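I have placed the structure first, in the form of structure tokens, so that the comments after it can refer back to it.
Which chain is which? They are A, B, C and D, in the order written, and residues in each are numbered from 1.
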Amino acid sequence: MENIFVNAAGGIRNLLESAGLPSLVVDISIMTTIFVAILVFVLLNVLWLVYMERKVSAYIQCRIGPNRVGPMGIFQTIADTVKLISKEIIIPKNTNKKLFLLAPVMIFMPPMAVFAVTPFGKGMVALDLNIGVYYFVALASLSTVVIWMAGWTSNNKYSLLGSMRVVAQMVSYEVPLLLSIVGVVLLTGTMNLTGIITAQQSVWMIFLQPVAFLIYLIAAVAETNRTPFDLVEGESEIITGPFTEYSGMGFAFFFLAEYANVLLVSMLASILFLGGWLAPFGLTFIPSWIWLLLKVYLVIFLLMWFRWTYPRTRIDQMMAFCWKVLVPLAIVNIFVTGIGKYLYESVRW
Amino acid sequence: MKTQEMLINVGPQHPSTHGVFRVVLTLDGETVVKANSVPGYLHRGIEKILESRTYPQVLPYTDRLDYLAGLLMNWGYVNAMEELMDTEVPERAEHIRVIMGELQRIASHLVATAAYSGDVGGLTGFIYCFRDREDIMDMIEMVSGARLTPSYMRIGGVAADLPDGFLEKCQKFIDYLPTAIEEYNGLITGNEIFQHRTKKVAPITAERAINMSLSGPILRASGVNYDLRKARPYSIYDRFEFDVPLGSNGDCFDRFYLRVLEMTESARIIRQALDKLPDGPINAKVPKIIKPAVGEAYAEIESSKGIMGVYVVSDGSTKPYRIHFRRPSFINLGHFDELIQGWKIADVIAILGSFDIVLGEVDC
Amino acid sequence: MTVQTISEVKSEIIAKYPQIELSEAGHFFVPVNQLADIMLDLKVSFGFDFLTNVTAVDYLEHFNVVYNLSKTTAPDMLHIITKVDRKEPQVPSMVSIWGGAIWQEREAYDLLGIIFTGHPNLKRILLDDSWEEHPLRRDFQWEGGRD
Amino acid sequence: MFGKGLLKGLKITIGRFFGKKSTVQYPEERLPLPDRFYGKPDFHYDKCIACNLCVNACPNKVIKLGTETVEKKKVVTGYHFDQQYCLFCGLCEEACPTDAIKFTKDFELTTYDRDTIGIEFVKQGQIDKKIKEVKQAAAEKAAAAEKAAAEKAAAETKSQTEEADKAETTNKEGGA
């Protein structure tokens, strides 16, 4: 069980090599297989997350939620997707058609690209980049541009307001997110995600960096545009913000991309703070990738729980909270971490 | 660099204008510079329709004014008719009216609480309030046969006596209500994000509130103790013990929280009315064909949104010459344009929610 | 201060303004040319600070514009009627005295065509701006509907 | 302390997450409807006395009652209920002296087109039967009346003769 995916990849490689193919072709086909596998993994998870969100919200609200399509309504998202695919894509007048249609396609790119460097289990990483954290921070913020693109080309004032908010919010919350990760990087001394996980062998980062975890969590909620920071969509104020004019599959892409982002930030939270695929209490008979999934879903549940409990903040309050509370707190955290590390090391030697 | 003001049209199709209300905002960034309300998208000409209806036939149309408080609208009309005709309503009927009216008030305030929670983005609070409102709707259905449009009151009494099992059900609900209110307070009122969103937002001073003829929870949130049930008791409200909750700042939070407090007071009134409920007839002796003498009457009751007044002019025939409704939401909204200037677009929704308008009533 | 009953208040008002006619039902009939002054005095000297209701009735020969005033401190209410010529229905606006009249007067203008002089924004409120008639007038003709 | 309210909210929602659900799965499960529920109207042909009270009570002119006078008796020939305009206020039910119009608990009133939403309660068979009954009753009554009249006439002639006899006797007596 533990090495089922690693062994499968090795098996394919052996098979291709024994067929006498040149090593470049073998590498390319192995990479392609891995990326397809990641894509399938992400899409399946996203579909499941949509279903899960509906179920969690329903249970919190004393309801049952989807229960008609399949057992417990488990195929509801598939039915919805089929419906959305079959719907007409309406393009508003006086828009830049190419950009308008490009935005929903592009929205999946940043999260998908980041998944390339995330370790899914022991030895299960497509690209073991030594600056994984840096890569994540650099790429994740790209979705701002895509959402801004969608809002601007929609030629709708609500979309414009929404995309203005996106830029303001994402750019601001990028800062505390980054600063909270710096604490972890300081302690582990590496930017490689696998390295960060193995550095947590003795103790998880959440116990060494509780403040950083809290800041990361709050910033992650803001980065994924979820309540209490879902001002971008803010359906009671600006309809659905930048996505107001999208219909059919265009809308579905944005919708699904939100969950891909949720998956991504939760995965990083578990990698950076919850020990990634490390098994707690020595329960190693459960495969590492299952442990990672369990942790990821714990964080996702936390995000959903927040969403269905809290109201939305106002734009000025949200920005004030970011710059006046989170950023100073994160900087203080870095200082404390640095001093702590220095003291700890000087005591040891 | 040059900035430009933006004209944005909120409504009539917008998720949180509580119906088909429309307001044209001039925005500077996200801040409102100028606002222009445009009601009337639900105007059905009820006052004109009623010119060709007989007096009892007016009743079902009053349900459709404030459709979240149909019984109170019924009451407003029959109250004016009883003043016009000098009818004495039997004791039991008055008690039933108080019980049903206060239940309806709780239901209406529950919707206001729910919608407000939804307006600031907390959908779970919305569902919780609606879950508990369902019990009241069941009771109203049990008594009148319809949930939203009860048409239950009659000139000189009520349509039918309380059915078996109602009293127990009502008692049970009143006993349950405090736990429900505690839940709302925990989830909505006590939430810091919610408080930041609503406190100190769009305060109205007491003088301004009186000058703009605001009424109901909005007026009382500014600290003006003017509740018709106490100030000018109609029906049998002078016999019950209850307090009029008052706000101090007149901001969105006070307007919201006042409704939660009023629910408790309504429950208190219902409890007393249930204890005192006498036996006896439920209808006064009213002629079969209602023909009031030539004259006119204006009477007011305290509806859940504010002062509901009905002005009836009789020309001595079976049909009213003119009926005018003083609809609280309509008059309260008159202050809206002025109030939202200088606030953010998110606040506009919060302020509108705190006004608790029902478009059936605004547009009539 | 002694508490006055509503009838005492009414007789005091009548004593001050003999031009007001008191009907049997206790309604005040105020001539339209003195309406603004009397209303202002009712607010300032008699403490009627709350304008509850403004409406109008069409009697085919004339309009009755009806005002209901009350106090937030006492249960008193006044029912004031002023007769307006039907050909030139002009009434002074109460917006400068009670801001609450702002939408009610617009409604009366919209539905009955009474012109409130001095109103800051006398436009149609419920009906569309392109509408031409005033539907609550008794001679309003329309097509369709249920009757 | 800041954050207390936030935590309390989380506690409430997690409690509800594991708590009892309060929804009803509609087509399979249904809530009981109270007896007074105003659903689809129902009309009892035999109870109707064609008094027109319900037509006059209706605020929205929903009911059209057709009557025909057969043998001096009003027979209902049509009772059209234009359901799309019904306000479900129950004023017709209240006005009816014989409970001929009643509201049932059926609330699923949607139809696919406008033509089928109005209900014509009276069937031709019912009218024919009623007219026949009325005619029969009238005929019976007429026959009975005839019989009675004949009997009466007979009795009258008899009494007349008796009276005449009496008169005669009195006259005779008087004369005597």
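Methods note: a residue touches a chain if its C-beta (ideal position, glycine included) is under 8 Å from a C-beta of that chain, and two chains touch if they have at least 3 such contacts.
From a predicted model like this one, the values you see are computed outputs, not experimental measurements.
S.K.: Pick out whichever of the two, B-C or A-D, is joined by more C-beta pairs in contact.
M.R.: Pair with more contacting C-beta pairs, A-D versus B-C: B-C.
S.K.: Taking each chain's centre as the mean of its CA atoms, which one is most distant from chain D?
M.R.: It is A whose centre lies farthest from that of chain D.
S.K.: So how far apart, in whole Å, are chain A and chain C when each is placed at the average of its C-alpha atoms?
M.R.: 63
S.K.: Between chain A and chain D, what is the gap in Å from one C-alpha centre to the other?
M.R.: A distance of 67 Å separates the two centres.
S.K.: State, to the nearest whole Å, the distance from the C-alpha centre of chain B to the C-alpha centre of chain C.
M.R.: Taking the average C-alpha coordinate of chain B and of chain C, the gap between them is 24 Å.
S.K.: Go ahead and note the Å separation of the Cα centroids belonging to chain C and chain D.
M.R.: A distance of 47 Å separates the two centres.
S.K.: Residues of chain B that touch two or more other chains: which are they?
M.R.: Those would be 124, 128, 131, 187, 191, 193-194.
S.K.: What parts of chain D, by residue number, touch at least two of the other chains?
M.R.: In chain D, 6, 9, 12-13, 16, 22, 60 touch at least two other chains.
S.K.: Quick check: what residues of chain C touch more than one other chain, meaning two or more?
M.R.: Correct list: 147.
S.K.: What are the touching chain pairs in this one?
M.R.: A-B, A-D, B-C, B-D, C-D
S.K.: Hey, which residues of chain C end up touching chain D in the complex?
M.R.: Contacts found on chain C: 146-147.
S.K.: Of all residues in chain C, which touch chain B in the complex?
M.R.: Residues 25, 27, 49-53, 55, 57-58, 66, 68, 70, 72, 74-75, 77, 79, 98-104, 107, 111, 124-128, 135-136, 138, 140, 147.
S.K.: For the complex, which residues does chain D have touching chain C?
M.R.: Per the touch definition, chain D meets chain C at residues 60-61, 85.
S.K.: Can you check the complex and tell me which residues of chain A touch chain B?
M.R.: Chain A reaches chain B through residues 57, 60-63, 157-158, 161, 227-228, 230-231, 234-239, 308-317.
S.K.: Can you name the residues of chain D that touch chain A in the complex?
M.R.: Counting only chain D, the residues touching chain A are 6, 9-10, 12-14, 16-23, 25.
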